[in-house]
Structure formats: structure tokens, C-alpha cells
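Common to both upcoming complexes is chain A, partnered first by chain B, then by chain C.
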Partner chain A sequence: MTHDASDEQRIPDDGRAQPDGGYATVAGTAAPDGERAGPRQVFAVAVTEYRLAVRSRWALALTALFAAFALGLTTFSGASVSPEGFERTVASLAVLAVYLVPLAALAFGYDAIVGNEEIGWLHALFALPVARRWVVIGTYLGRAIVLASAVVIGFGIAGVFLLREFGFAGFEVYVGFLLSTIGLALVFLAIGVLLSTVAAEKTHALGLALLAWAWFVLVHDLLALGVTAAFPLPDWAVSLLVLANPAGIFRALVLGALGAGGDAGFAAILTEAGLSAPVLTVALVAWIALPIALAASLIRRRRL
Partner chain B sequence: MNESWFAGAAVVVLVLALAGAVVAGADDAGDEDVSGWTPDVPDVHDVEEPTEPGVATVNGETYDSAQEALNAAEPGETVVLDGRFDERVVVSTPDVRIVGADGTDSALIDGGGEDTVLWIDADNVTVEGVWLRESGYERSTEDAGVFVNGTDATLSELRITESTFGVWIDGVSGTTIENASIAGREDVYPVVQRGNGIHVWNAEDVVLRDNHITTVRDGIYYTHSADVLTENNVMWDLRYGVHYMYSNDNVLSGNVAFDNDVGFALMVSQNLTVEENVAIDNRGQSSHGILVKDIDRSEIRDNVLVDNGNGLYVYNSNENEIVDNLVLENDLGIHITAGSSGETVVGNSFIENDEAAFATSNSQVAWNDTERGNYWSEARTSDLDGDGTSEIRHQPAGAVERLVHDRPQAATFAESPAFDAVRMAESSFPVIESPGIVDHRPLAEPPHDEWREYHEDHDH
Partner chain C sequence: MKITITDVHKRYGDVTALDGPSFEVPAGSTFGVLGTNGAGKTTLFELLVGHDTPDHGRIEVGGIDVEQAGHRVRERVGFLPEHVGFPPSMTGREVLDVQGRVRGLGDRAIRIDEVLDLVGLPDDADRPVSGYSNGMRRRLGLAAALLPNPPVLVLDEPTAGLDPRGVGTFHRIVGRIDRESETTVVLSSHVLSEVERLCDEVAILHDGSLCATGSVDDLCTETGAGVTVRLQPADREQLIDDVQGFGMVDADGETIEVTCARDDTFDLVTALDSDLVERFEVREPGLDAVFHRAVTDAEVNS
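Here is the complex of A and B:
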């Protein structure tokens, strides 16, 4: 791995432009004190992560997984009794994507830091004059591009088949689902990277990732349902419970978009409860930014 | 960088998808949806009216006034009306026929906005193909297009417009009303200030068939009446399509009610047979397809309830059979409340309702201990022995449904995998019992197939 990416990682040692054989032009050295070098360093790390992931076939595996899943669900779901079309397909896809996409994202993210440490790559990076936070952010960005691309291509292939079947009517619902799924994937990748940053060993990170998956996918909603049933919570508290789970936000976003053409539907109810599409989108972005910010800050405490 | 193809491909797909979404969003007309489904109904207003002064003919003699012709008519004779009459008419000779010269709309009697236009005060009177309009405005004096106070009257092919009540049947038996078009005064508002299309008071052996009724209060109102056969009528833009009060042993069959507040309102009656009716898009203050209130031992069978607020609303009603109905895409399929018990609910298809069933009951109700249950489009079914019923029971209304009914945003949790597990447990294992409704033998396949036709494109 080190060999594969070595040409991307030649960060100049003190940030000054030197006749160093062209390394400086890759890493960027315009700012000597690292402030403006940050984005370039992030870019360099991200590109490395991206290339590694594509070469190691993570990208293909994820794409194939999403495509197989979406195609299987859309083509073999049988002649069910309900109106056909994108809305119905998206409703089924959304229910099952909530299991699969977080699991794939966590599996792809849990070793991002701790895994690189175990193979020694992190030592090499940290030996360079790169702020550790840029390494975390760069790693996340590189993998995020791979994961988002896999989601887009995998579900996009299914979308083409669906277009052949249903035509263009209602296609925007599917695209909305696609965008929300990208958001869901990026959130759980961020959580995976955060866990990878705090875990001492790779197995710990894996365990934490599985716990996180179980919490967000299975336990949280069950507890929230129980709490809502047991206590007379005010409406804003129930809405807060929805926002406390990125999987719930995803579900609200996708299901809210369904039926928006006909009667007022779920979206209107959600908007009334303070959960309009913009609010949900902002919450999803926050779920991406906060874990990464936390990881970028916690990486300083890490001992190699 | 030779790995960039991957992200590049993703960007291309994403751009194409977004472009597709913009295109799809732009022409969204072809959406399959039940809203917009409307049966064909005749245009009740904007009809060409006869302008020639009226000529009434009886027994070879002609008269300027319909009343004079009727006074001259003997029992068994026919009075032919042609053109426009501005008068109010009383029929006091039995066995006479009054017919329009050239079918409906060739003869018009305009009551001038006072009292009743045509008063039938004798038995065996037949009125055919006449247009009656402009009765008085008073509901307390029963101002109507036709006031029936003689037995065995037959009214066919009538047009009745701008009237408070269309037809008032005043405690006489044997009335038949066929192929009438009845439209009230749209400018009387609110709707409860209007009269009813056909008002059946204390009558028996009445047949109401193939009538079109709109813009009155209730399409057909029955009080203290029995043995009334109501079939193939179409009712729209009303408060209630039909409205039964204290009326037992009646049959309501093959009627269509759409765009009303309530399609078919059944109240305080027994032994009603309500079959093969269609209620679509009834939304308003109450928003029910069929309202079943204080109804006992009645049969509600083979009806189609589409896109109403509540498909069926069952209130304090006991021992009714709700069988083989198609309940499609309502906000709530069936709402059972206020101590309703002993219902047999079997063979119905509950398809794609926002909420299939809701019960306020604090105990668990098993709807069917019969061999077959109902079809629930959201149920998990597993028919291992291939007998058409699922071996897994289904609880369409349980603890979680009640919670979501009270707090809609909790649906986000309720759609989650975790909840699916709870619901599966609630349905599958009788160990976990929660109040609500249980179907012990849900059907694996819907017994109705005609739901599809309500889903075609409706570009009217």
C-alpha cells in the first residue's frame, strides 16, 4: 500500500519551496506555515485514499453490492398488490436501505485510522509535517468520494432499469431517494471514521461499529417509540428524537417526499412538527460534520 | 490519474439523474393516482329550456294552463304538456298521466319561487318527461319540485332544478322515481340550509332508481321509512349522498356517491342491506365513505370505498356484517369506535390506505373466527398450505397504530426495522397481546381485482 501511494504523499518537510524534484508541486507549498497548505494536504491524503480504495476493489465491491441489492429488490419483488411506479419501489428501497447502507458505510470506514496505524502507514504520515486533523479529514474525504460514487452508480444502474419500466413519471422521487442515500452513507462513514479514531485496535473499532449500527438501526427507534408511548412528551421532544438518529432523518426525508404529489401526506405532518425537508437536510449535514470534527480533534490524543 | 474513471462515472450518472428528475418534475401529469377519478354525470345545469308558451292537451282539447287541462282530465286520461308554463299545479284526479310532448326538457313548469311546483294529491298518478323548477324557499312548509301525497305515484325522466326539496314523499306507499335529474340551489349556503333531493318520510314500498342528484343537502333522506329500494343512483356535491334515519329493512344497491361530505350515511336503523355501492373522494367535515352510526344487524357488502377520509366509520353499531368490500387508498380504511361490537368483518380488501384500521377499543377484538379473514396490503402473509389464507395472524390496529394516530411524527420510528420486528411479533405470536384488532386468517391474495381501474390516468 505504501508503495502504491508514495508519489502522492511527498509532503515537503518544512513547507518551503525547494528544488526537490517536483514534490512541492504535488503537495502544494505556497504557504510556509501550513495554514493554507492544509487544503492541499487534505487533497493529497484524500486522493491517496481514493486511489487505494479503487485499486483495492472496495469501490467495485460496494457498487456491486448496492446494484445487486437495488436490482434484486426492484426486479424480483414480484407482482405485489399496490400501485406500481417509483413511489412504491422507493418505499421498499428506503426500508431496506436503512439496514444495508449504514452497515456498508461502517464496514468501509471502521479501519480508516486504526487500520492504517496497524500497517504502519499512519506512522509514515504523521512523521511528515502535516497536521493530524488534515490526515483525518483527507482520509474521510477520499473514502467519502468512493462511497458516494458507489451509491450513485449502484443505485443509478437500478434507476435505469426502473426508467425502462415506469418511464419518467415520478423519477424525481427516485433521485430524491438517491441523494438521501448518499447523505445516509456519508453520515455512517463519518461515524465509522470517528470510531476508528478513538479505537485502540482494529477489532475494537469493528465492535464499536457494529454496536453503532445496532443502536441507530435497531435500538434507537424502539426506545424512542417506547418513550413516546410511555411519557406525554411535547411535540418538539418527539421531533428531537427523530433528529437524534440519522437513519430516522433519512426515513423522514424519503417517506416525506412520497405522496407529496397527491394528498398532503407525511411531509405535511412532518413540516407541522418542525421537520421540514430543509431542517432534515441540515440535520443530516450536521451528522456528517460533527463526527468528523470530533475525530479531527480527538486524533491529537492518539498515541501511535 | 487512471483511477478517476470511478468518480467520473458517478458524476456522469448523478448529472443524468438530476437532469432526469428535472424532466420528470416538469411533466408530472401522468401520475397514477385515484384522485381525479370521477364518473360521467350529465350536466344538470345549462340545459336548453323551452321558450314557447305552454300548450296542454287532454282528450283532444288544448289549454294554456296545465292546471286547467288537469281539471278537465278524467281518470285514465293523459295530459300532454308542451312548452313553458308559469304556474303551480295540483293533481287531484286519480289515474292520470302527465307527459312531456317530446321527452324531458320539452315541457317546463316554473313555480315562480313559491310553494310546491307540482302537488300530487291523488293515487296512481304518473308524471313523465317534465321539467319542474323554482319551488319556494321554505323548508318548514316542505316546498318541493314534486310533493307526493297519493299512493303508487310514478315519476320518471323528470328534471327538477332550483327547488328546496326535489321530491317530498309524504307518508304514502308505492312511489317510484326513475331517471330523474335533481339539482338544488347552489347559491343557498351553507349546505344545511338546503332541502334534500328526495325526502322519503314515513313511506313504504318505494323504488328510487337511476336518478342523478346534486347540489342539495342530502341526496336521498329517509326517515321512518321501510322497504325502500334505492339502486343505481349517482349523487355528488352534497352533504350526505344518502341519509337513513329511523328507517329499517331498506336496500341500498349499486349507487355511486362522490365529492360529498359523507358518501352513504346510515344512522339509527336496522336490517339495512348496503351492497355494491361506490363511494369515492368524500371529504369534508366528516369525510366518510360509509358512516355506520347506531346501525344494528345490517349487511354492508361488495362496496367500493376509494380515497375518502375514512373508508368506513363505525360508531356504536352492533352485529353488522361488513363483508367483501374494497377499501382502497383512504386516509383511514376502517375506524371503529364508541362501543361497536359483534361485527363480522370478512373478505374485505384493505389496500394502500394510509392507515388500514383504527380502533379506540381498550380490549383486543378478533374480527373473524371464520375460515377466511380480510386482505391487508401491508400484512406479512405466509400461506404454506396454499388454502388462500395466511397462517400468520395480522394485527392491523395495535398499540403502535394508536400511538402513530395520536403523534404522526412517531411514524418515523414506526417505519423502522425495529418496529417491523415488534409488529411481526405482535402479529405472529399470540404471546404478545395488545389492544386493537386482530385478523386471525388474513388472505394471501386480494379478493378484489378492480382496484386497478381506479388507478388509471384521469385527465378530465
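Here is the complex of A and C:
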């Protein structure tokens, strides 16, 4: 019913409700911290995403997938080529990872936003006093922790076996590979979240994710190789072609560290292009930050 | 907390979602927003909670301009969206805990127990949402909206898809909030009887424009909706002749309906010849009549 008392008179000075058995009218038990609440809200959303991913067995499935492929490859590559250390095995694993990890990351990320919208969870979150960008960033971080953990554990199991076989000599190469693989996974997760933000439906997001995978993993390098073979490009243009593809950056990082530029496709011209490890690392980080920044901006325009 | 809506316009492409409605929701009232599909109810609610901004016009919640400070408004508004849902593997309590964390609520556990009790879900709080019925999910959504003790509660189609028992439970909860708190409740619904039962005042939208606003009684007077006397005739022709002059006579169906002014009702009933009437029924003017009259007038005027 209608009341005449002004709103402000009903708000206690400390802005907090007293326990009232249900529904006292006060301005909120919520801390009136506005935009400053961002980090706390990001953490809350991230923890929720992490728990949901663990419960849905995504974490287990991803870990098992990476472990199975990594163990299989290290076992068979060891048997067939008689590896002399970590370097040859890492080269084989890098070839596997560049196909497998982006696909797994996109599959894990394509429904991050649009999937939550379809079940109504995004409606529930957006009804709260939280900036939409924090929801996107929190969603990404929660899933990123799951994916990074799966990479570390999955490929780490294979690393332990290699460690037993080869000892610590050259182990830093494997650690470098592991870190680069985490970077690769986080990049494609970020791309997946971006696609999930712009897609109207989950099926659209899945289609876009598959197209993205095909472009970055299959098509881009072939096109780049064709262009560099057909035209005499300056070094900066070649560098740009490498940096335009996170899968290419990953290859360059791993194979460059191995000194294996000679037989690794587009990575063969890296030495001439003069791409250092720090530059490649910064580029990989940028490939994480840019899609997420774009998604955090575009989410504001999304109509539920 | 008073809500003021002033000349709000919103277009999506070629579609005009809102075409300048202006009205006030008094502090502490339970206010219904009515309209046919596409009337602009959901758009209005999205603007009200700052999900979108109007192309023109202004919405204020407790004196705060939503366009300027949507975040601050959502701190004060508990919103139950029409299509709200929850991750199936989460329990009801976990859903509320996450919402409480995002809101930064202190003493979350106590407050969560309170709202679970209020919406009648204390025994199901630790079950996964996947096992909830549609009605339980709506009640969980209401619990989430009530969690911060909001001075304003906005409920978009709160009983859509619920069975009669679920609707009844929801009505009891909203009725209790209305009686026992000073919360301003704004709800939309297609069910006129629901709005009539729960709301102090209503606004009727049609094609994005405001057709009518005010209390149901005032609207009945303003729109001229009269008392309807429904007669089951024993002698149809004679009865039609007898009731002419008391009001508008509709004899197209099996029954004869006479719509007349409230003051003429007694005269009409006492003038009836009992030999000509098998039975009769007097219906007070309701929101149903008001709504149809308002929408029809809007269509004619447009």
C-alpha cells in the first residue's frame, strides 16, 4: 500500500538491514560500493564458473583428453624414433597441441555467455548491481583456471614420465612447452568467449568456433606460406603474418626454443623475421586480452 | 521508494517498443503493468532496471535517474526477469549465496535462510535446481530478488507458466510482502484477475503507449465500465422489451446481458418480472472490462 514517508527516512545510516524475518524496506544489505565492487564480483562469478565446470566434468574430461594424447604420443614417439631427450618429444607434442588444445579450448568456451543466457543464468546475474563486463571477465577467469589446470595436469603427467626417462637435463624445454600450451589454451578460450558473446544462439556460437579453429589452425598458415612463397615480403610483413595467428605464435615460441625452425612449416622463416621470445610472449598475452576486452565491451549491447 | 516514468521512448530498428508513456508508481504500492503481447511491458522493465537506456525520456527510482546510475538503481531493486533460470547443478542455497556474494551482502547465511523460508523453499534449499519444478524455480527467483531487502521489487510475468497451485503460492507471498513491508512492488502480467487481486494501481500499455493508469475503481469510473446484469430468460422476447432503457442490452447469446450504471442496477433488478427470468447474476465492473475498453479505445484512436 502507499506510504508517505520519504525513502531516505527509511534507510539506516549504515545502509544495512536489520534482521526482520523477511523483508524490511531498507536501501539494502548490499554494500553500496558501486563500481568498486568489481574485483569482488569478478571473483564471485569466477568461483561459480569454476565449480560449475568441475561439476559438469569438463575439468575431468579436458584433463583426461590432454593426458591421453600426451602419454600416447610420448610413448609411441619414444618407441619409434628413440628420443635423445626432451626436445624431440616436445616437438612431437607441439604438433599435437596446436590442433588439439585450440579445439578443446573453443569447445569449452563457446557456450560461456550464450549458454548461460539460454538457461536464464545471465538474466539472473544481470539483474544484480554488477557491470556486465565483470560477468564476462569472471566467466572467463573461472573457465581459464579449469583449462589451465587441465593442461598442467594432463601434459604434466606425460612430463613426469619423461622426467623419469631423461632426468632433469633439458626439462626446462618441457616447462617452456607447458607454459606456451597454457597460453595457447587461454587464447582460444578467450576467442571462444568472444564468439559466445556475439552469437545469438549456442548453435551459432558452435559454428563460429569451428570456423575460428579451421581458420587459425588449418587455413591461415597455408595461406601465409603461399603468400610468402609467391611474393618477396619484407621481414615486418612476415612477422605480422606470424603474429596474426596465435597458433603460429605458439609454434614459433615452442619450436623457436628448440631451434627447430627448419622443418616446422611457417615457423621456418622465424629466424629471418627476427621474432624474439619476449615479443612472441607479449603477442600471445595480447591475443588473450584483446578478445576478452572486446567481449567485455560488446556484452553491453547484448539484449537478453 | 517512488518510481517516476516520464515520456519514455524506445525503438529497436523499425519497431517502436515504447512511445512516450508517463506515470508514477507510488512508494510502497503494489503496481501492475498490463498490456497485450508486444505492448512494451518487458522493454519498460528493462529500462527500469537499467539494462537499456531510453531513446528519449526519463525513469527515476527513488529520485535516481536510471540512465545515469543503473548500477545504483539495481542495488535498490530486486528484479525477477521473465526468463530467469539457474545452472541445474547448483542448489537453491548456492544460487542465493552467489547472488549475495555479488551484491556484497553481509550475514548472507542468515538472510538466505530468511528468504528461503519466505518463499517456502527451506526444505529444498540443498537440492540441485535440476530437481525443482517450474514453480519452485520461480520462487527461487523471487527469493533472489528479495535477498537484499530491496525497497523496490520488479517482477516480470512472475506467474507465467505456473500451475494454479503455484500461482496461488506466489499470490500469497506477494500479498504478504504488500501487507507486511513498505516495499514498492511493480509486476507485469497477462492475468487480469491476478493484477486486480494483488495491485493497488495499474498502468495499461498498448503498442508502447499508455492507455490508462490509476486505481482499478478510478479506472472503472473513468472508462465508464458499468455493472453487468446477466439474465437467463424464461420469456426471451418479453424480457428484452422490459429491460430496454436501463442500459446497453446484449441479447446475442443464450443469456441477455444488460450493462448499466451502478445507480440504475437496483432499479433494473427490482423491475424484473420473476416469471420472465429463470435466474440472474450481477457482475461488478472489473479490470477485465477496464482493460478491454482501454485497449479498444486505443485501437480506435490509432
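What to note about this one:
Note that in this section the second predicted complex is superposed on the first by the 251 of 304 C-alpha atoms of A that agree within 3 Å, B and C clash if a C-alpha of one lies under 4 Å from a C-alpha of the other, contacts with A are read in each partner's own complex, and residues count from 1 in each chain.
Definition applied: a contact is a pair of C-beta atoms (placed from the backbone, for glycine too) under 8 Å apart; a residue touches a chain by one contact, two chains touch by 3 or more.
Remember, it's a predicted structure, so these values are computed and weren't measured experimentally.
Contacts of A:128 after superposition on the shared chain: chain C is touched, whereas chain B is not. Set against each other, chain B and chain C touch different numbers of residues in chain A, with B touching more. Contacts of A:38 after superposition: neither chain B nor chain C is touched.
Of the two partner chains, chain B and chain C are each touched by A:55. Once the two complexes are laid over each other on the shared chain, residue contacts for A:207 go to neither chain B nor chain C.
In the superposition on chain A, contact is made by A:168 with chain B only, not with chain C.
Contacts of A:225 after superposition: chain B is touched, whereas chain C is not reached. In the superposition on chain A, the residues of chain A contacting both chain B and chain C are 55. Interface residues of chain C facing chain A in the complex, by the touch rule stated above, are 1-2, 12, 26-30, 46, 49, 51-52, 62-63, 71-72, 74-76, 79-81, 83-90, 95, 98-99, 101-107, 110-111, 114-115, 117-118, 141, 144-151, 177-178, 180-183, 200. Only residues 47, 50-51, 54-55, 59, 81-85, 95, 98-99, 145-146, 148-150, 152-153, 156, 159, 163, 167-172, 174-176, 178, 217-222, 224-225, 228-229, 235, 238-239, 241-242, 247-248, 251-252, 255, 261-263, 265-266, 269-270, 273, 275 of chain A touch chain B when the two sit together in their complex. Chain A makes touch with chain C in their complex at residues 1-5, 7, 10, 16-17, 19-35, 37, 40-41, 44-45, 48, 52, 55-56, 116, 119-121, 123-131, 303-304.
Chain B makes touch with chain A in their complex at residues 1, 3, 6-7, 9-11, 13-14, 16-18, 20-25, 27-28, 30-33, 35, 331, 351-352, 354, 375, 377, 399-400, 403, 407-422, 445-446, 451, 455.
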